[in-house]
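The following block contains the structure, expressed as structure tokens.
Per-chain residue numbering starts at 1, and chain names A, B, C, D and E are given in the order in which the chains are listed.
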Amino acid sequence: MNNLIARAKELLENKIVQVIVGYEAGPTGVARPAFITNPAKADLLIYDERCVQNLAVYLTKPEVRNLGKMAIVATLPVMRSIMMLISEQQIFADNIIVLGVSSDGSLLDIADIKVMQAYIEKSDLGNPVKDRALLVELNKLSKEERFAYWQKELSKCIKCYACRQACPLCYCTRCTVEVNQPQWIPVQSNTHGNMEWHILRAMHLAGRCISCGECGRACPVGIPCHLLTMQLADEVHNYFKVYAGTSEKMSSVLSTFEPNDKESFII
Amino acid sequence: MSDFEPKVVAFVCNWCTYAGADLTGTSRIKYASNVKIIRFPCTGRIDFMLLLKAFANGADGIIVSGCHPNDCHYTSGNFHAKRRWIMFKELMDFMGVDMNRITFSWVSAAEGAKWADVVNTTVTRLREMGPYVSYRDLVNKSVEEEVKNE
Amino acid sequence: MAHSEHHTENNSLASNIEKSVEVKAQKCYQCGKCSAGCPVADEMDFPPSMVMRLLQTETPENDEKILRSHSIWLCVTCEMCLSRCPMEIDIPSMMDFLRQKSRSEKKVNKKAKNIIAFHKSFLNSIRFTGRLYELGLILDYKRQSLNMTQDISLAPKMISRGKLHFIPTIIKGTAQIGRIFKKTSN
Amino acid sequence: MKFGIYPGCSLTGSARDYNESVFALAEAFGLEFTQVPDWNCCGATAAHNLNKELSLALPARILALAEKNGLEEIIVPCAACYSRLVVTRHELKKDPELKNRISEVIEMDYRGTSKILNVIEWIDKYITPKLDEKLVKPFNYKVACYYGCLLVRPNKVLGYDRAEDPQTMDIVMRKIGAETIDYPSKTECCGAGLSISRTDIVSKLSGKIIEDAEHRGADAIIVACPMCHSNLDMRRPDINKYWKTDFKIPVLFVTQAIGLAIGLSPEKVGLKRHFVEVKIS
Amino acid sequence: MARIGVFVCHCGENISATVDCGKVAETIGKLKHVAYSTDYKYMCSDPGQTIIKDAIKEHNLTGVVVSACSPRMHEPTFRKACAEGGLNPFLCEMANLREHCSWVHEKNDLTTEKAIDIVRSQVEKVKLNSALQPIKVPVTRTALVIGGGIAGIQSALDIANCGHKVVMVERSPSIGGHMSQLSETFPTLDCSQCILTPRMVEVAQHPNITLYTYAEIESVEGFIGNFKVKIRKKAKSLDEKICTGCGLCTTKCPQKKIPNEFEQGMGMRPAIYIPFPQAVPNRPVIDREHCTYYIKGKCKVCEIVCPTKAIRFDQPDEILELEIGAIVVSTGFDIKHADFFPEYGYGKYKDIIDGLQFERLASASGPTTGAILRPSDGQVPKNIVFIACAGSRDPAKGIAYCSKICCMYTAKHAMLYKHKVHEGKAHVFYMDIRSGGKNYDEFVRRAIEEDHVNYIRGRVSTIYERDGKLIVKGVDTLLGAQPVEIVADMVVLATAGIASSGAEELAQKLHVSYDSHKFFAEAHPKLKPVETNTAGIFLAGACQNPKDIPDTVSQASGAAVKVAALFSQSELTREPLVAAVNRSGPPMYSTCVGCFLCQSVCPYQAIEREDFKTRDGKIIKTVAKINEGLCQGCGTCVALCRSKSIDLQGYSNNQVYAEVVALLNEY
């Protein structure tokens, strides 16, 4: 943590970056995002087990972008998000400094994208362990049970779109839900429309989800909607042997193909 | 259930399956009249949301069909579609939506007989499965939810 | 209906080979490069490319010919055929399979008697001691092949050069070796 | 690093000369081996001819023993054993299910972590770098390096040298002063395991190789396999009888040639045990 | 307010036999927005079309649904009729009641109900149609031909003779390609150069053709009708306008030991050279890589001897920028060389040569003036072996395909040999003889029957040298795979034809796809063998796959016709059924967020970037833009776009959505 603060200070003092995106402790002790522009305030930065939010979501927000060149405290999911955002041309590698932190909280030396790529490649890119267990449980259920499960969960959805706001890859300036010609997703919240929204969201993240679980954490009514995108992340790996966010040149699974892609259901 | 006739919508590409279904016609091969075709330029054009809309509007089953791999009029639309359907199918399975109600197939412009076969087997299967009650219930219940909210 | 064959259970030798050792006989386009390079082709009743052709017919008569052939026992697994095959067909693995099949179906060619006798003696020797006991191998082979006079002049010369031992080396894991033999003897 | 050796059965019997030369070389270069403890026969041709599973289980036990004893690298001087061990490792790597089955058969955990070196690879890695300083008696002969089958084929599995006209042994021999000839029989088969059961075939095939080497003016044939050696050397009387001639060209193990070049005595490298007299030294 | 007209066709009895057409018209007529609905026996007949035209005027229709046969049959007919009736043709849709309904179902209520559903969905769709105008793209009527072999020559001459300008670019110093190296050609055994050189000269003299030799493509941008091409003219190190081509420099050049490419390495050439006597243009170039002056800084013998003082040592490469309307790619092929075959000695035996080398040996203008002499010692080979399929049909060597030309040229080689060495023996190892073509099989039979060439069916396992002879170990598979050993003096390998070096880089510059062997890919294997998947770029000859001269020339003429057709008008008219990325005013400009995932799904490279900038040039936003000249309207980008910022004319999101709803809901 001290290393992190020292490095942040140095970056701000030498005007290498204008803002540090990181975590600070809120009044109740809960970690919250911090946008530090003053080197004197760098001491506020923390990094510990409380810091779980995927900060990469701020990289595409105009309010943060307008602050200038940034450095970001980056856990593995943040790094993978950054890779995705670069590959989808939303941010430029030159405009960002990555303050990588390992799972034990130590500061990593991420000199450039290549180093970051090497770090990502040797990491476990599967879904988080506790989510893996949940997925296994759900996949054990019968089709009808799963249908009932999701209906029950999705009936709680209030269409607040916090899942979308929290996701670093839901950066569209206009979302499909805001299209009314035609009205793809009903405006009101009801179980059926909610389900359509969550299918849409999961499909739009197929091959792009980097398994940070932020959508699930952001949901105010506790829908485990992250399991939908994580299930697809698993399937993407099963079918196409790739994990999202592993290189800046990554091409998206759904916008590329191999002639011999295997499936067993098309007759 | 014997008098149940499923409603089936077919999403097909113009160059292979639409032409293949034309050939079924010119060959006078008979098939179940439950299916109604919507023409697309290419399977690559078929948005997965349209399939959901078909179920939402009361379809009991869906057929999606296009050119065989390597035969796409646009060289690669069907390959992209294939990946899209792989993901869609896995997601639907995971959410408990009955994928037996959707038939994915490759029917070329020369496969008039195959088209009839695809339709007939799909319709036969759907007749056995019965109306898609659970999805319809979901839609109806949702309408009620809204009424209640208002 | 020509197409119905597709669906019937295919029990030809070729399909057995494909299932067991993943060698596809139908890949062979009969260029004959294997036979051209095979060191023992001229001794064989069916040179390797002919074995492939017989397999491709998938008829019981030709399958029988292969299992009863001398060729499969003459193959010395030198791997020249595979190394030069334009279709990368693993003939040596296939030959191993054919030999085992020929034996299990009791169709071994009479002329191969000595070759099998030698292999059996070899395995016998290691089955009980864990290692090859060359003198034992030769004696056991003579007993099995009834070739009493063969190599009679070789032994003394070997002995004089210290190349033949009179006492076999027995390893500690002989019991384990015995179990390996047992478990693999399906 | 612990440095293992799997001698194989021949080296303890009919190929004692090879064994002696390998150990003499190691000693001269200050290298020490640990034998794979309680090793068994690899099963050779007999096993894979008659029983595929056995032909994988026997080498797997050897490899498992090596792993268990922390031998990260094992040298396998016999080309036939080398081939069986590498093929086994390849097959078990390819098919995890088979690996589990074989592990169960041999009642040992097999992981496939030990590196397997053939004799030339061993020489290249440990002898060649120090060869120049030890060279006292350049091996000034014209030699035919004979690789046979099992050192180079199947090339995709072994991944060693090139399948046609291999060069590694030639390079080593040129390093000790020999002139190597280019001849097509380099990788032809000597008849291998048919030595006893079909001596006629072995005589024919081995004779062709010897004739080719003599015809092109070689003074000696250099080998790296005890089976090749016994067919070309011990079987010489049969060969000469079959071809109605009197081939005299001696057959040396590559380790013997190197041994002579660094000044070891013919006895030390086992030359006296040959059937065909080695007049060069 | 939409006013839709619906016209239900009986198609004689084809539709009305099972569908109650009257009921369809009546039911549909009751729908909201349907201003007119009728049925008629033959809608496609003149009176039928008149009904439509009249109704458009009379009822002031805003859309038409013709419920008849498949749109694949009569859509153009009815769209034309609508246009004649004063309605934009793209406001007409067809409901397929014949192929998709009446012909495939029994006569009953369900069939009629289905017909009604189909018509209704088209009514709902057509309400959302927009009036579209055909897309017009200007065309620069100048063609670029890349590669000056027989394919390029033929294409260039054909296009030029149609009256269009042609720029030909050839990377070597002379045009002529591999054909200029050949001795005689099958199946007529006429001299290759005799038939080729007049055409080479014609290219050089044609008023419509501009020839750049020793030049390569630097970059290609733009699209059909509007390519911008940069060409690098490599420095020839002499002033071509002054040089008379006397050739004195080439005889005086002290550096003479450079393997001659034209002779396939079987002869030498100087550093300043004319590749062969009939070269076009017949001017030398300096090969800077081997020239003593460029290596050591002194020599300049050529400059001293040149009577017209044409040598220019400091000449730089020149970059030309050209506007091009269409491109013909005719970059030809290469062959594998003898060193590709480990089992045949990795190329270490001098007397194992490849087919092109044999062509040079047999050529009257070649290094032996046409005598068949073996390279090692110049002796006449008495026993010669030809090996077909050397490298071809050999997946283990990475080449699974048949090179197509080898069977024929091998027969020709054996024949030429027998004609020149009467007492010699010629053997051919082959796997199959593929001699499909006019007079081709007869030609092969002649080699076997009249010239007694010994054809042996089998492959050769290995070749080695012994006592100065080549031992060829093969097999005769027709004799039960009997081993065959031939003691030969010379071996000719009919090696595989492969893609020309640099083909991959060129394909990438052109944005044209290529196969795993780096051959250029045609747009459709059967029906578009001359087109590429990039509009305006066409293929000719062996750059697509190995092919013989007649096939090459046919394809070259085919490509020329495609270019001429494109150039027949000054504007290119295209159906407007293309995709578009939405646009709006600042600060949004478009709902597109610029992820450009659509770029990789587009098979036509039709998606471009558009920057929106402030007045001082700072980029505010970059979004996708569809090039209407390139888009073919597949719509794959539309389905992929997450923000629904792309839509497809004729199959818009609104339209297909409306169709789904209409098909499933009764009104």
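By definition in this document, a contact is a pair of C-beta atoms (placed from the backbone, for glycine too) under 8 Å apart; a residue touches a chain by one contact, two chains touch by 3 or more.
The structure displayed is predicted, hence computed values, not measured ones.
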item	value
Common touching chains of chain E and chain A	B
Third chains touching both chain B and chain A	E
Remotest chain, chain D as reference, centres from CA atoms	B
Higher-contact pair (C-beta pairs counted), C-D versus D-E	C-D
Chain whose Cα mean lies nearest the overall Cα mean	E
Gap in Å, rounded to a whole number, between the CA centres of chain D and chain B	65
Between chain C and chain B, distance of the C-alpha-averaged centres to the nearest whole Å	55
Averaged-CA centre spacing for the pair chain C and chain A, given as whole angstrom	59
Between chain B and chain E, centroid-to-centroid distance (C-alpha), Å	37
Multi-partner residues of chain B (at least 2 other chains)	48, 76, 80, 84
Shared-contact residues (touching 2 or more other chains) in chain E	343, 462, 601, 640, 653, 657
Interface hub residues of chain A, defined as touching at least two other chains	176, 184, 254-256
Chain pairs in mutual contact under the definition given at the outset	A-B, A-E, B-E, C-D, C-E, D-E
For the chain E and chain C complex, residues of the former touching the latter	343, 389, 393-397, 431, 457-462, 473-477, 480-484
Residue ranges of chain A touching chain E (in the complex, touch as defined)	88-90, 171-176, 179, 181-182, 184, 204, 251-252, 254-256
Touching residues (chain side chain B, partner chain A) in the complex	48-49, 52, 56, 69-70, 76, 79-80, 82-99, 103-106, 118, 134, 138-139, 141-143, 145-146, 149
Touching residues on chain D, where the partner in the complex is chain E	162-165, 182-184, 215
Sites on chain E touched by chain B in the complex	70-73, 96, 98-101, 103-106, 110-111, 114, 117-118, 121, 513, 523, 533, 577, 601, 603-604, 632-636, 638-640, 648, 650-651, 653, 656-657, 659-661, 663-665
